[in-house]
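Following are the structures in question.
The following pair of complexes shares a single chain, chain A, combined with chain B in the former and chain C in the latter.
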Partner chain A sequence: MRNKPRRMRRNRSLWLFLLPPSVGLLIFYVVPFFAGIYYSLTDGSYTNAFVGLKNYAEIWHNEMFLLGLRNTMELSLICAPLVWVLAFVIAVLLNRLRPSGALLRNSILLPYLMPASAMLLVWLLFFDYGGTLNRIIHLLGMERVAWLSGAALRFPVVLLFVWKNLGFAVILFLSALQAVPEPLYEYARLEGASLARQAVSITLPLISPTAMLVIIVEWISAFKIFREVYFIGGAYPDEAVYTLQNYMNNMYNRLNYQNVTSAAYSFAMIVFVLFGILFAMLGRAQRKLN
Partner chain B sequence: MKRNKWLLSLIIALAALISGSALAAGSVNIASNEYISETYSDYITRGCVLGDTLYLSGRSHLFTYHIGEDEVAALDYEEPEAEEDEFRDFVQLFSDGESLYMLSSIMYSDEESYFLDRLEILPIELDGQSARFGEPVEADVSELTVDYGDDNEYLVQINDACCVNGTLLMSVYDSSYQPAVYAMDIESGDGYYIDDLEQPMGITPYEDGQVLISTYDYSDRTFTFYLYDVEEEELSPAREPIAFDEDKFEYFGGMAYSAESGRLFYLSGGYLMAMKDFDYENAEPVAELSLLYSGEGQGGLLLPGDYYVYISHESTYIRSTDPEALPDVRLIVQNNGMGDSVMNAYNDFFSAHPDVAVVLNSNYISPESMVEGMMNRDDSVDIYMLSVSSESYEAVFNRGFMAELTSETLTSAIREMYPAIQEVLMRDGKAVGIPVSVYSWMPGFDYEGWEKLGYAREDVPKSWKEFLEMLPELAKGLPEDGSVILFPEYETQEAARMEMIDAIMEAWRMHLSATGQEPRYDDPQFAELLNLAMTMDYGALGLPEGNDEEGYVYSVSASGDRIHELFTFSTGCSLGNFYNTYVEPALLEVVPGEGAEIPLSITVAFVNPFSKHVDLAQEFLETLLGDLDDQVTYNLSDKRNEPVRSPYMLEYIEETKETLEDVKAQLETADPVDVPSLEENIQSLEQSIADMEENSWSISPESIEWFRAHDDLLAVQRCDYINAADDDGEISDMAQQMLDGRMKVEDFLKELDRRVRMRAMEGN
Partner chain C sequence: MKKRRKPRRLFVRFLLVLVAVVILVPIIVTALYSFFSPQEIREFMATRGSYDDTAWMDARLSPKMFSLDQYWQILVVDTSVLQMFAMSVFYTVAILLGQAVFVPMMAYALSRYRFRFRGAVFAAILLLMLLPYQVTMVPNVLTLRRLGLLNTIWAVILPMWFAPFYIFLLRQFMASLPDELFEAAQMDGAGMVRCYFHVALPVCRPAIGAALALSFADCWNLVEQPMTYLSARTELQPLSVMFNQLVSESSGVEFAGAVLYMLPALFVYLYFLEDILSGIQLTELK
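Right, the complex of A and B next:
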């Protein structure tokens, strides 16, 4: 009882401290979130009539929305696991090189820090029809490829994504690997465990939370592939790289906010379900490993 | 005590009401040039204030005006005599605070050129209903002449002028076409340019023998106000520079400083603004004043009581600067820029509704801002004017962001318009907008030229394919005397290729739109046309590689007749726009047998459905509809069919006839040695009059006949998928690659088709 006034004072102070960020969160996240839902349920006309799920039905029957959605899912299924696997392998190798691998460790983060637009220009030159890659291909006796047009554009897009995001994933894996106690590996070696067995029985279980984090972060990043596609292919790139972001961007430019919000919330639901499944699967896998 | 308080309140209220209405009554639009030219055969050029009188100068009259009057009063004057071959112009009326003066230029013309002979400062002596010019003071013109590249010499352009302490200060464009301020002593005529002034914009008298000058720095985009002491010839800044406001697009036009109230007035976004002590951040609107070309009139005059005066081409505007007198009801019209019709409507509406402030705001508003504003139920703008082919119009039309027009005047007028035009003005059977401009441009043929080559009208090509395939043969059959050529003389090979591609693409797009087809560009017929245009040997058609460095000069053929240009890429096609009397629209089909279209570009005015003054806005549209000029109304329906002569041409014909009479009178008393040249002059004048009378049509009978016979081909240009899909300019880049030969026509069309198809599949 004696502590009640103090607890009340502490609670009040707590709420006062929380108030500014809460207001910010409310104004810049919560309100726009619900406003977006409202937009997606109206027809955007002068009368702004409530149309229920009509907008959603329309976009789910729209070929371009479905094309964008399919391409986004495909690209993310290629890019995220690719980054995950490469980052893990590189992190394991770098972990063995410490401390002499410090320069390499720092360098691998550079692409992540560089401004994307500037790097895109370099990549455009590299993949140009007369660029470095095609010259190498030509030297090897093969036909040049128009990397920057048509379906072939997928290759530079994936490569660019991997190049840019690999470093951050490596750092995450590296920090997790460095936290694994070395004696565990010593005991395993003494017991005659192979490298692969060590990886499966020691490394993966201990770094699984980080591994989960990396796949989630990379998958979310892969969902947002757009800048590279737009910079190279414009608002209407080849159908093989036309993403959901292209669709939403074009709808936004045409001031069709109903379609933008309907597409965005549809995708959000898909991602929500997917990640729910992913978390369930990863959780089960972790328990098995443990 | 209570009763006294009540009485006092009543008296104060009555006083406010009376003073307010009196001040508001001072705001007028007077002395419109239309009124002056009809009543006095004159037009207003400049003005100044002396005492409580506003003086306005015309060619042969001085007009006076006092606050509270409805009209101007005219004073006659006799123009000072000029020598033969001299031409006098009244450049600037000004006052030194005690007397009136006129700055007058005298141009001299010899056989070879035309140049400024002298500049005179003429004192004006007023005598009742007349005025008389006194003895002139000749000004030094050595720094006031400019050559515009035609070997003639002119007086520099004078934008604004004011007189302080016996010095006339003028903002001009100097001989290097740069803005500058010239100071001239009105007693001696000597003058000099003020140094250290970068890009002066406006000028107005200040206090204590000083002049306020505004300048603009293009590099850091700031305005600076300077005070120039006329006696000391010293310049000093009046305040810190002001950054250019992109949204308001303010450039402090029409500046006027009131020593009476310490306020600086200037025009901005349809308002007259006032700032005190150069406190720009707290400037307030004190009156509405919308101008079409606010940089070309003479602003910055003040009558006693701080009545602001602006003299523009259309009218002279007087505004009370009491902020209390600014009407509470304001009608905001966005993106006007639609010429005389809107200004006439503005003036007429002002006269009929002095309690309403109509603000014409021509500052650009992006489509995104406009539609987002409407989606947020923004009522800040009452009337919008948009081109039908713009994305903005498409966006608001599809969403229904246009108030239904319930006015019988408007709806009945719309019902009488051509069906193609009604389509863009009606939504779900309801009228939503009125057209405020209509014009049409398309390729044209000179049928007389075709006849000279032996082609009857029915033999002239009817399709693009036929025309393109015929060109090489036509080139071989051109007469040697050069009386018939294929294209206008100024065309070059590259320019012709580009224009040909453009014309074919425009025709194709229009055809698809008019026939309700889905946009498609990867079409074999279309590709064939473009390939023909791309692979044509334009050199073999007689076109030069590049232009003559001396520029294009109209020429005649060896026989002395005009040269017939068989094909013109673009000629006016709508009524009032048929400016080339020898060329008729070509009406070439892109798909043989499917007909051609006459493309119409239309701008529509509509009411914001969220406006608080929907009925008032409709009244403005009614006024606007009534003030639309012939160039618009004749194209809207087939109701008006009387030919119209150009009033300017008629005036010029009358002047030429007067000159002819003068020359004939001279002939009667001329020396025998002068008779041949006078007779030649008379013959030339008579021929000029005959030519002018033949070509004085603003809307000719022939053009009416042609247009009415083809009005079933009218098609309005709507929002184009190509423009919409070319946000990043990629399509334009590809088109250039195709023109440069770096991309095949088929590849270009395939890529274009892909983009347009994807855009169409995305939906609206």
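Right, the complex of A and C next:
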């Protein structure tokens, strides 16, 4: 390469583009990440003595951490598959309506931009003990439910998440569905396959990379479920919706940084392992497709 | 065949309209209630939270008297909501401007150059993308404090300028551009820098628009970052964080506040709809 001055010039201009954003990424993302690992291994005193895995041992015996971790896991395991299934069904139905149906598709996307906190008001009214949902339940002859306190709080939280994130997943599914050749369906129809059968046996295998992507995207956002809880339940919500972020915010406010960082990295490890498995599956699905 | 498909389509259509209505109702109800008088809203909201088994909240669908008083209150009489709104606008604009500078740069470096650690840098960006905010929250706070940025507006703005997700999005788009596009410019004697300004940026305009539109949705909803980075400075918090307080104070103007808060999002949605749609689809490129 040394005898190609043109090549050299190209490489030098690389730094012009690479350096400024890289410095930003380093300062605000990479360095904090590694500094945090170091930090989670010290005692946080004036001397910052190295204590090994002591913080981690402590955190894994901390009830509130385990509660937050369990809730975050459970909530994400409810939310991500729920959004996935609903989005798939809606996208398949919308795809039937092609080329019309754009208005419907667009209206499902609208909540993605809407601030969740502005929706809080309607949620509080709808889920109130004397509110609309309980009226409907009462009309159906069932007992009212106290949605805004206790374990039932999960329901409005999950619904707020689904409401907001459904559109994104539907759009992803739709763009994949549009690439599936129509004759395949014609053939299936001649064979007498039902709509549901077609969706499961033809559509799903063909769009498996997208299906995987949607589950990953939704899972990442579901891990972040906190603001929904914060809006509805405040900083110290009911046990059923006490998320990891609640725990960290509270520890953070008590200046217990060691605790927060070791909690954070324990969580990161779990997340990385989970996504490692998911990506491996995604890779295999794609190879199969080819 | 045709005859059998028609009623099914009608049913599908009905089902989807139902979904759309359910999704839009919260927005419509919020808008509707913003035209109630503050007095009526206060009385109405006060009936919340009763666990009396004989009592119901009214299901009000029209105000006693159509009133713009809520808007008058927040826009003219007491402008504290308007100030938080202005903070939200400020953060959003500042973040988007920075992203418009730095994100395409990084995407360009990662897609149009070959260098030794390119794969590693890209993998790092993917990993950072997957990290939930909780993980880097405290290390970030410590770094920001060391830099003297904690509890200043920059604590919220600067990290967002380099958000890995949008770098990923734009890189995917730039990598999919045909090489011929750039080779033609290079034949005419343009270097990589000129190629960036005269080929890459113009060609990527739709993708940059898409990334910015998606990013808007993020910025306009910022909650966790301002809450932790600006915990000591209530006056710097954007509307997204402060809105709860407005609700719990039950000032009677909360619905107009919500509408005010939703309007910019609605404008962005209507104006950039195509960009947002293509932005979401960009996530998919492999």
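To be clear about the criterion, the second predicted complex is superposed on the first by the 256 of 290 C-alpha atoms of A that agree within 3 Å, B and C clash if a C-alpha of one lies under 4 Å from a C-alpha of the other, contacts with A are read in each partner's own complex, and residues count from 1 in each chain.
Operating definition for what follows: a contact is a pair of C-beta atoms (placed from the backbone, for glycine too) under 8 Å apart; a residue touches a chain by one contact, two chains touch by 3 or more.
None of the values given here were measured: they were computed from a predicted structure.
Colleague: Which term applies to chain B and chain C once both are placed on chain A by superposition, clash or fit?
Modeller: They fit side by side.
Colleague: Kindly classify A:159 by the partners it touches after superposition: chain B alone (first), chain C alone (second), both, or neither?
Modeller: The answer is neither, since A:159 touches no partner chain.
Colleague: Once the structures are superposed on A, label A:236 by its partner contacts, choosing first (chain B), second (chain C), both or neither.
Modeller: first
Colleague: Does the superposition put A:215 against chain B (first), chain C (second), both, or neither?
Modeller: Neither partner.
Colleague: Measure off the angle at the C-alpha centre of chain A toward the C-alpha centres of chain B and chain C in the combined model, and quote it in steps of 10°.
Modeller: Between chain B and chain C, as viewed from chain A: 60 degrees.
Colleague: With the two complexes superposed on chain A, say which partner A:44 touches: chain B (first), chain C (second), both, or neither.
Modeller: first
Colleague: Regarding the shared-chain residue A:253, is it in contact with chain B (first), chain C (second), both, or neither?
Modeller: both
Colleague: Where does A:224 make contact in the superposed view: on chain B (first), on chain C (second), on both, or on neither?
Modeller: In the superposition, A:224 touches chain C alone.
Colleague: Once the two complexes are aligned on chain A, which partner has more residues of chain A within touching range, chain B or chain C?
Modeller: C
Colleague: Is A:125 contacted by the first partner chain B, the second partner chain C, both or neither?
Modeller: Once the two structures are laid over each other on A, A:125 reaches chain C alone.
Colleague: Mind working out whether A:80 is in touch with chain B, chain C, both or neither, as first, second, both or neither?
Modeller: Neither partner.
Colleague: Measuring by CA atoms in the overlay, how small does the chain B-chain C distance get, in Å?
Modeller: In the combined three-chain model, chain B comes within 6 Å of chain C at the C-alpha level.
Colleague: Of the residues on chain A, which ones does chain B touch that chain C also touches?
Modeller: Common interface on chain A, chain B vs chain C: 234, 253, 257.
Colleague: If we count contacts the way the header does, which residues on chain A are in touch with chain C in the complex?
Modeller: 9-11, 13-14, 16-18, 20-22, 24-25, 27-33, 35-36, 39, 90, 93-94, 96-97, 101, 103-104, 106-126, 128-132, 135, 144, 146, 148, 163, 166, 168, 171-172, 175-176, 195, 209-210, 213, 217, 220, 223-224, 226-227, 230-231, 234, 244-245, 248-249, 252-253, 257, 260-261, 263-265, 267-268, 271-272, 275, 286
Colleague: Could you please specify the touching residues of chain C with respect to chain A in the complex?
Modeller: Those in contact with chain A are residues 8-9, 12-13, 15-17, 19-20, 23-27, 29-30, 33, 47-53, 55-57, 59, 102-103, 105-106, 108-109, 113, 115, 121, 124-125, 127-128, 130-143, 147, 158-159, 161-162, 164, 167, 191-193, 196, 216-217, 220-221, 223-224, 227-228, 231, 239-240, 243-244, 247, 254-255, 257-259, 261-262, 265-266, 268-269, 273, 276-277, 280-281, 283-284, 286.
Colleague: Which part of chain B faces chain A closely enough to touch in the complex?
Modeller: Going by the criterion above, the answer is residues 367-368, 371-372, 374-375, 391, 395, 399-402, 609, 724-725, 727-728, 730, 754-755, 758-759, 761-764.
Colleague: Write out the stretch or stretches of chain A touching chain B in their complex.
Modeller: Touch list, chain A to chain B: 44-47, 58, 62-64, 234-236, 239, 242, 247, 250-251, 253-257, 259.
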